[in-house]
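Some structures are shown below for you to check.
Two complexes are shown next, each including chain A; its partner changes from chain B in the first to chain C in the second.
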Partner chain A sequence: MDIDDILAEVDVHAVPRQTQDLQEFTRAWVTERNAPEILPWPDALMQRILERIRRQIELVEEQTGNTDPKANFRLIIFQTELERFKFLVRSFLRARVAKIDAHALHHLTDPSTKARLSPSELQYATTHTTLLHAHYRSSFLSQFPASLQRMDDTAGGMSMVEGPDVDRAVFVRALKDVEEPVYVEGTDMAFEMRKGDVVVMRWSAVREVVIAGDAELI
Partner chain B sequence: MYGDHALKLIQHAKRTQALAHLPHYQTELVRETTREVRDLDKDVSNILAPFQGSFNPSSEPATACSVLVNHLCMRRNKRCLLAYHRVRSDKLEEMCWSGKDVLDQEQQAGRQGNGEGSGMASEVGNQSSLSPEEDEYVRQYGDMLAAYKGQWTDIDLTGSLEPPRDLFIDVRVLRDAGEIQTEYGYACHSLTILCQEWNY
Partner chain C sequence: MALPLPPGLTPPETAFMCEMEMVTIIPRQRLEGLELLGGPIPPLNPPYRTALPLWLALLLKRQRRANILPPPWLSPPSLLSILDIEKSTPSFSPPPPLSPHTTTSPPFLPSATSNAPPDALPYHWLELGEMLLEAASDDIAEPDNVRRVMRDLREVRMAKMRAGVGVLEGGREVNMNGVGGMEVAEGRTFIGGVVDGLRKIGASKEMSRREREAEERENGIGGGEEDEDDMDI
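Entry: the complex of A and B
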């Protein structure tokens, strides 16, 4: 019997909510860090995680006065776990902010990408872009001829607004059998993904599958 | 020559990327490049003036060509200027994120430099490396970052991006630091271990 068989036997619902959330969030974190594009904001998951972190901090604060060595040891384990959680959330948010900063105008003008940002990220992106433009304007743009002052010029067949490279290669592992074969745009290639398969693919080809949760990036 | 100043700016930008600190703002080069754009624009209007809006590129290929070259140069200069400023502002943002108080540092470097003279040469160089516009930008970006961070007080968004391995770190006390308050409020007099958070 293989470890995978054993794991498959464990019913998903038997796993406690906390562990599921952690798994889900770790997956979201890895995916966010590897995908060239920004991914939808996991609102419900994030709220649960943050709520749990808040409760844990309260617990640690309450227990701090306790001088019992046993409780103290438990506290250390709690805190270590807490630090790990905080690191995950921090790294996740920072990965998103880095993507927002790299292609701020693209994220603000493209409606489908804009919808993926959380309200506070949207606010951050808007303010940052405004600041940056004001900075450019006061530094040199204001002295340019009026026709050259725009930041989203498309003259000369080239748009000034750059988007992320959605055709970048990513490593994908299928979490379940994907029913529909995956087509690679621009080629006549199509292939099936079975559970456990690891493939190197263009992000644009597997985007739907990953967002649907049938596959994860590694 | 067309685009010479812009090229120099790009070389500066390239160099900035590899440096740990921010070199001086190239006020003169930026001004020259901007002036070149304005001159080119004037040239274009002068060339096109005799045609009074009825310019037909296919009947006057030579004029069309010079207009095109001028236009391309203007656009190139603009891109170069944008790239130069972007590299610098990215660098400044990075400093804001890593928790360095850029403006404060600059002032301090200035003060120290005045007091101690040549020993602080590199920091004195740092003192005026920002343009007034960049100064303003850093201030505003810092405010915005603080506002964004404020929504994540539990997480400490600007904290370390290294995965935590251990809750405690070893600290060797170099001089009496007095009483130190840690995150969860325990105060210690002689420090041997400290929470990771308090990485002095």
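Entry: the complex of A and C
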């Protein structure tokens, strides 16, 4: 270990909490935008970020009306950054809503997926499904024989409820050397990931590594 | 309300991410330190250099409050030597070395500040170079030359992306070390589509293999041998 390494290590610990949160949230946003599945809701992180945004908005509101040109320019910087943050949060939430919309019933019936939703997302999915059900029933389902009215039929060994395609190809970058080689089920593919490697792989093969934080989607 | 975009970052989103890269500026005006949402900004005292996120540096630059010190790799000699490396190998030129102690990744690596390595293209090289050439071409030495070599680099690397598709046919994982953010954003739909398409073609084969493996696991090794005997008959 030379002096650069020691300095680098000190640097990491010196990164302020806000910056760490920004880095973490940016990564969460990119992962959510790329992954075919919905990912666990980052509750604590989200609360910290929303609280900071709320305080910053208050600050900006307080300072509006200040005609000093210096304060005015400061306000422009604050507002520009605020808009960037709001964009991130909005894009993150909307990406999740898009996934819930696409497979609402799957998100409500599959227990492990259901556990990843935030309370308001859960409420949204429930209301959404109930409304859709009521609409289908009143417009055509009630005309069908009772045995064909179900929306979640599993007759014939096939479930009607469709989930996302977890085998979709994603771009992955290793953040650490991954100790265990990654196996791809159903093929004889196995590969090792060294720090910094970028590979195109199906999501189901790298899901565990990404959730553990050893790799990220790009 | 739901996001109407396809999965995967689009080029504008990649550019948005690139704006979080740190760049070095030389302020021309004083500015007190600010507590921003993404962390504190140190006070600006001309002529001392400071590292700021690109979006803020561009804001200051457009208002003539600062000059941007371009990263060392964004200069004709560096880009030309990288171009030589690109031409001599079938893979992308090696990305900047990573510190072994952190798991920080672009855009939060110091790969665009004035002390970035001069001999490697960082992840956001294309977007960053374009943005600096657009907003701060007067801070860059020989901007026209830089622009020209950047275009050469882009063409060489695009050709590699296209040539790399041949590897996909084997159904193996595809290694793309050193690829840039914008290049991923551009190639994602095509490469992802090819990988997914090939997977669907091979799906039935894969399914039967999966079933056979599951069966073998249940029956143990003896069971597998029996299967082979059956096939002989």
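Everything that follows uses one rule, which is that the second predicted complex is superposed on the first by the 205 of 218 C-alpha atoms of A that agree within 3 Å, B and C clash if a C-alpha of one lies under 4 Å from a C-alpha of the other, contacts with A are read in each partner's own complex, and residues count from 1 in each chain.
The criterion applied here is as follows: a residue touches a chain if its C-beta (ideal position, glycine included) is under 8 Å from a C-beta of that chain, and two chains touch if they have at least 3 such contacts.
A quick note: this is a predicted structure, and the numbers were derived from the prediction, not measured.
**Q** By residue count, is chain A touched more by chain B or by chain C?
**A** For chain A, the partner with the higher number of touched residues is C.
**Q** Let me test your reading of the model: by the given contact rule, A:R84 touches which partner, first (chain B), second (chain C), both or neither?
**A** both
**Q** On the A-aligned overlay, A:A115 touches which partner chain: chain B = first, chain C = second, or both, or neither?
**A** neither
**Q** Given the touch rule stated above, what does A:A212 touch, chain B (first), chain C (second), both, or neither?
**A** neither
**Q** Thinking of the overlay built on chain A, is A:V198 touched by chain B (first), by chain C (second), by both, or by neither?
**A** second
**Q** Please indicate which partner A:I76 is in contact with in the superposed arrangement: first for chain B, second for chain C, both, or neither.
**A** Both partners.
**Q** Under the stated touch criterion, which partner chain does A:R54 make contact with: chain B (first), chain C (second), both, or neither?
**A** It touches chain B, and chain C stays clear.
**Q** Can A:D101 be said to touch chain B (first), chain C (second), both, or neither?
**A** In the superposition, A:D101 touches chain B and chain C alike.
**Q** Taking the two structures together, which residues of chain A meet both chain B and chain C?
**A** Looking at chain A, the two contact sets intersect at 53, 76, 80, 84, 87, 91, 94, 101.
**Q** Along chain A, where are the residues that touch chain C in the complex?
**A** 5, 8-9, 12, 15-16, 18-19, 22-23, 26-27, 30, 33-36, 49, 52-53, 56, 73-74, 76-78, 80-82, 84-85, 87, 91, 94-95, 97-98, 100-101, 167-171, 173, 175-176, 184-187, 189, 191, 195-202, 213, 216, 218
**Q** Could you please specify the touching residues of chain B with respect to chain A in the complex?
**A** Of all residues in chain B, those touching chain A are 30, 33-34, 37-38, 41, 72, 74-75, 78, 81-82, 85, 89-90, 93, 131, 133-134, 136-137, 140-141, 144, 148, 151-152, 154-157, 159-161, 163-164, 166-167, 184-186, 195-196.
**Q** Can you list the chain A residues touching chain B in their complex?
**A** Going by the criterion above, the answer is residues 50, 53-54, 57, 60-61, 64, 76, 79-80, 83-84, 86-87, 89-91, 93-94, 101, 120, 123-124, 127-128, 131-132, 134-136, 138-140, 143-145, 148, 155-156.
**Q** Using the touch rule from the top, collect the residues of chain C that touch chain A in their complex.
**A** The touching residues are 1-5, 7-9, 13, 16-17, 19-20, 31-32, 34, 36-40, 55-56, 59, 63, 95, 98-105, 107-108, 171-179, 181, 184, 188, 191-192, 195-196, 199, 206-207, 209-210.
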